[in-house]
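Below, chain A partners chain B and then partners chain C, in two separate complexes.
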Partner chain A sequence: MTAVATNQESLLRNFILENYLFTDDQSKLNNADSFLDTGILDSMGILELIYFLDEELSIKVESNEMIPANLDSIDNLLAFIAKKQA
Partner chain B sequence: MSVKFNPTLVEQFLMVAQEKPSNLALHHRGTELTYAGLKAQVDKVGSFLKSTGIQPGERVALVIDNSIDYVVAFYAIWKAGAVVVALNPQAKFHEIEKLVKQSGSSCLIIDKLSHDYVDALRALDTQLITMTKSEVAGIHHWQEALEFSQESDWHSVKPESLAQIIYTSGTTGNPKGVSLSHANLMCNMVDIIDYLLLTEQDKVLNVLPFHYCYGNSVLHTHFCVGGLVILAGSMAFPQEIVNNMHQLGATGFSGVPSTYALFLSRSDWPDNPPPLRYITQAGGPMGKVLTEKLLASSHQSTRLYVMYGQTEASARISWLPPELLTRKLGSAGIPVNSVELEIRNEQGEVLPANSQGEVYVRGPSVMQGYWQNESATKQTLLDGWLKTGDLGYLDDDGFIFLVGRNSDMIKVGAHRINPSELEEVINKVDCVDESAVVGVADELLGQKLRAFIVGEESKENSFKIKKHCNEYLPAHKIPREIVWVKSLPKTASGKIKRYQLNG
Partner chain C sequence: MCGIAGIVSSKLDSSSKIGSNRLRQMAEQLLHRGPDESGILTRPNIGLAHRRLSIIDLTSGQQPMISADKSICLVFNGEIFNFIELREALVKKGHRFTTTSDTEVVLHMYQEYGLDFVQQLNGQFAIGLWDDKEQRFILVRDRVGICPLYYTVEKDQLIFASEIKALKPALSNGLELNKQALDQIFTFWAPVSPNTIFENVYEVSPGQMLVLEKGQLKKHQYWDWQFNQKGYWQTSEQQQADELHELLIEATKIRLRADVPVGAYLSGGLDSSVLVAMIRHYGGVPLRTFSLNFGEAEFDEKSYQSSLIAHLKAEHSHLLVKTEDIAQNFIQTIIHTETPILRTAPVPMGMLSSLVRANDFKVVLTGEGADEVLGGYDIFKEAKVRQFWAINPDSKFRPLLLKKLYPYLTLPDSGQGTYLKRFFGEALDTPNDIAFSHLPRWSTTAKAKKFYSSELSAELNENAKEAIYASFPKELNQMHPFNRSQYIESKSLMAGYLLTSQGDRMLAKNSVEGRFPFLDHRVIEFANRVPPKYKMKGLNEKSLLKKAMARYLPKEIVHRHKQPYRAPDMKAMSGDYLVDELRHYLTEQELTKVNLFDANKVKFLLKKADSGKALSIPESQALVGILSTQIIVDKFINN
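Showing the complex of A and B:
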């Protein structure tokens, strides 16, 4: 986590920590961790993440944007959101 | 050109490798392997397994994600004449340990081995082969097997010998090992190849886990004809899967209803359908609306096969000829060539057309029984007939229509989940007095898990329950919703009335 986490970063991290790692211990998640490779999320989890992005951050993920480069880690998500909001 | 079939998949594999050595067998993340290349790897690993003392009939557990290594290990186990026990690589260690023990596996081939588990596995007197380098003495590294240089012969397997044990969620909470012989498997593969019209030109793109019978049948049917199996990534990224179908020139694809729901809602399939020769659907009934939508959105030359099956019948029980899909919408079709099917009432009497009852099937693809579980076998195999637990009826033309299951099994995506297994885990949490898990409708996955809990209600405790589940269960078995209640509805004998909880 960056020294001063942005609101979006905190929201995303807490969503993953609470719903998939079942903890509030921030040290359990690195921003670079691949959700799929580390087993944090499975395909169901990725779908739930997409609903979360839509509902909480008003980010609509188009079909062609559903790729690991956009969604498979906190770092990838933050870069993707920044691009969408630019 | 017609395909020649042998009595077992082992002989079939050896024949294909000899007659079509340069055909591509596998494609995974850009790596391609021909049948000759695959057989060379299988030979080395199989010889290595034999050199470690593995004897014909012994069970070897396989805990590897879909990959070239999985397939190499699978056929290598058969080279040694041993029995494949493929387990879910997403399962937590406790579950794997339980199944290694239940199957009496003398060897475990595992992708990632956590050192925390080594002692527990050693206590089971099980040999370990792992893909990750280990400094613990006595653990073999996969590379050792791949580089093994002392050749040995293939064990000559008999058709009636045990080939594979596939674990399914049992109705009492303990998974049951379905024992399938080489003849069971071969006969079912031949039936599937016959209606899918598979040839060596076929290239199936596979996302189904091989440790389930559906994925297992996709792998072996294509191998029987010398076709190509493309191992695709996770369904988490459906557009990538569709892109792969286009780029790699796939001719076939197999999925469960939620797979197709995802393609239609989360990819450009409806606008740019891949030019597949066939798509198959099994793993639970697909709604009429989704079926019609899929048919309308698919390429005009694509044949859509709706199918029905059970692990206990090797895989496939029935199929609906694609040209009858619209006329018989909602039907799971007609039995495959070698299977007989009847509908019976609770007394076991055969019912006439259009009468609802339980589906019974008979044929050479029906399992030998449940591994070391005589009582479950006796309840399921009656005079050679398999009591499927599925409810349905036959129409006047002999087409089967399924209407539900005679048990509480929940279907989440491709997974069959037994609520008792989850309840057993949840009930161990100290804030829980009792629990009941049910499946509630979910737009994409068919069903999702909801746990009703009697106990000390609090947000922290909901959290605690999920965390506990995460320790013992794979992700797809963790309840998505926790609902606290004062009590659970029960029958006079104390059995939970789940149907009153199903939302």
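Showing the complex of A and C:
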């Protein structure tokens, strides 16, 4: 996590940590960790993540945006959100 | 169902004495399996105990049974459905009978054929038999694992029983958890046979005979599921359907043999519908059916049940299972499964047998086994699609067949197909792996292991997958991939979970016996020679069964989408439904005390479940698995 985490970053990290890694230990998740390679998210997890982005951050993910480059790590998500909000 | 138990001195010297008190205590643990009568026999080096559920020959046939010359004695749980024919043949050979029971037929069969006697038995059985002349003791179990039989060896004594709880009074140090077996359950839903969740307690594997002779305990596999592509029937599909039709009628008819009324389970699916139709048309007995209904529509099959009941004019009873029933009956269920479970589905099955018993029935026929024998499961379909996909793993079109299996599949993938491949394309690079069909299920289940405590993870020194691979026969590699899937499914999930935790144990807890026409060994041996293309045509499951039996059923049953039997898991195990008695097992204090699971992670899992968020399949399985493991430790090890 960056020294001073943004609200979005905190929200995303805590969502992943609590719901998929079942911990509040921040050291268990690096922002660059691939959700696919580490097995953090399964098919339902991806859909839940998309729902979370919509509900919590008002980010609508279009079907052509549902790709690992946008969704596969905290870093990718933050970049994707920034792009969507630009 | 009955209950059997016993102790045999493995040295078989006449100085060993088996106390009848211990035997009585063992038998008491099996009261639910056989409430009608009990019997105990002790000899210098052997003690046998029996609890009886009287079904055939209500007035005689008590056990343990002793031969006329007193040289052979046995205890027997189960039914020999062809006992009438075997008896006639034995009488022609000069055998004289004093009862009309199938137990006495078993005894005479052994006298006539020795250890080969088992080959001619058509039935479900667990037998303990002492032969004084040969100074030999045998334990033998039916071909597919319908009747349970467990044993342990302690201080030169072979101790056996129908259920593990009945071994306990004979053990000096109680039971200990087998952590490797726990890891296997958290991979395959069941331990790899002969393991059980308890250290040094084993099952007699399905189709196996144990012979204790001259101080040596030897295992002999007298039957196994065999598939040989060169042996496939060369007859037409119609001829094979006709033969299956005749075999199923015969398998059903002999399973209606009883001196008490026989009923049937009706789920509304194809298999139980076929079964009930055969009873109606060929059984010659009143048609009496029992069903489960669920308040939650996603689990309920009432409309199909009603359709069939109207069609066949059955006298029917049903039980409505409410979500709160699952949690309220969970501890009692685990006391009977005697092993951790990952789904709550056994709970309603235990409730259903209580409905049967309340209606004064103690025998039911069920459709269990049809999916394994005749190719019905989605796992077989999924494997076909994945095999097809593996030919060109980069194809964007081949995996679209998955849509046929999972119509709700909305996974995106306008991109490079990465998500689709990662979530559904497991092992595409190893399509020849002998367990290719089962790898996705096993890896999905194994995700629940993330909740292990660090101590448990560190202690596990055997890979669960390696253990199951080591248990496979070398012939598996030569089988058609579809047959391989059938073999693995029959030996792992069916024998280790469906017939035990969800089958025998849920029936026996209410003193009810289940009978399984689709698991008649003649049906299995016939079906194993049916080419896979007739079992599953394209992705149409149990195609040959439909061809053979559609004439008896309403069209909506034959053509319905297959709905696997399930019960509410996550919802029943969270929020207000998770009663304090269960929640107690998931407290930090209890989890830390048992130290198999990470208390902190379980806290977050429970928090997620309590919040009402949907749990993924592995998460839901983890919750049920952790809870049931904690109960096993409490009820069987700490108590």
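The definition used in the following text is that the second predicted complex is superposed on the first by the 86 of 86 C-alpha atoms of A that agree within 3 Å, B and C clash if a C-alpha of one lies under 4 Å from a C-alpha of the other, contacts with A are read in each partner's own complex, and residues count from 1 in each chain.
In the analysis below, a contact is a pair of C-beta atoms (placed from the backbone, for glycine too) under 8 Å apart; a residue touches a chain by one contact, two chains touch by 3 or more.
Small disclaimer: the values here were computed from a predicted structure and weren't measured.
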**Study point:** Which superposed partner A:S63 touches (first chain B, second chain C, both, neither)
**Key:** both
Practice item. Using the superposition on A, tell me which residues of chain A are in contact with chain B and, in the other complex, with chain C. Key: 18, 21-23, 36, 39, 42-47, 63-64, 66-68
Study note, to complete from the structure: Interface with chain B, chain A side, in the complex: residues 18, 20-23, 36, 39, 41-47, 63-64, 66-68, 71
Check your understanding: chain A touches which residues of chain B in the complex?
Key -> 90, 234-240, 262, 266-268, 412-413, 444-445, 463, 466-467, 470, 475-476
Review point. Which of the residues in chain A end up touching chain C in this complex?
Key: 18-19, 21-24, 36, 39, 42-48, 63-64, 66-69
Exercise for review: Sort out for me which residues of chain C touch chain A in the complex.
Suggested key: 410-416, 418-419, 422-424, 444, 447, 450-451, 598, 600-605, 607-608, 613-614, 616-618
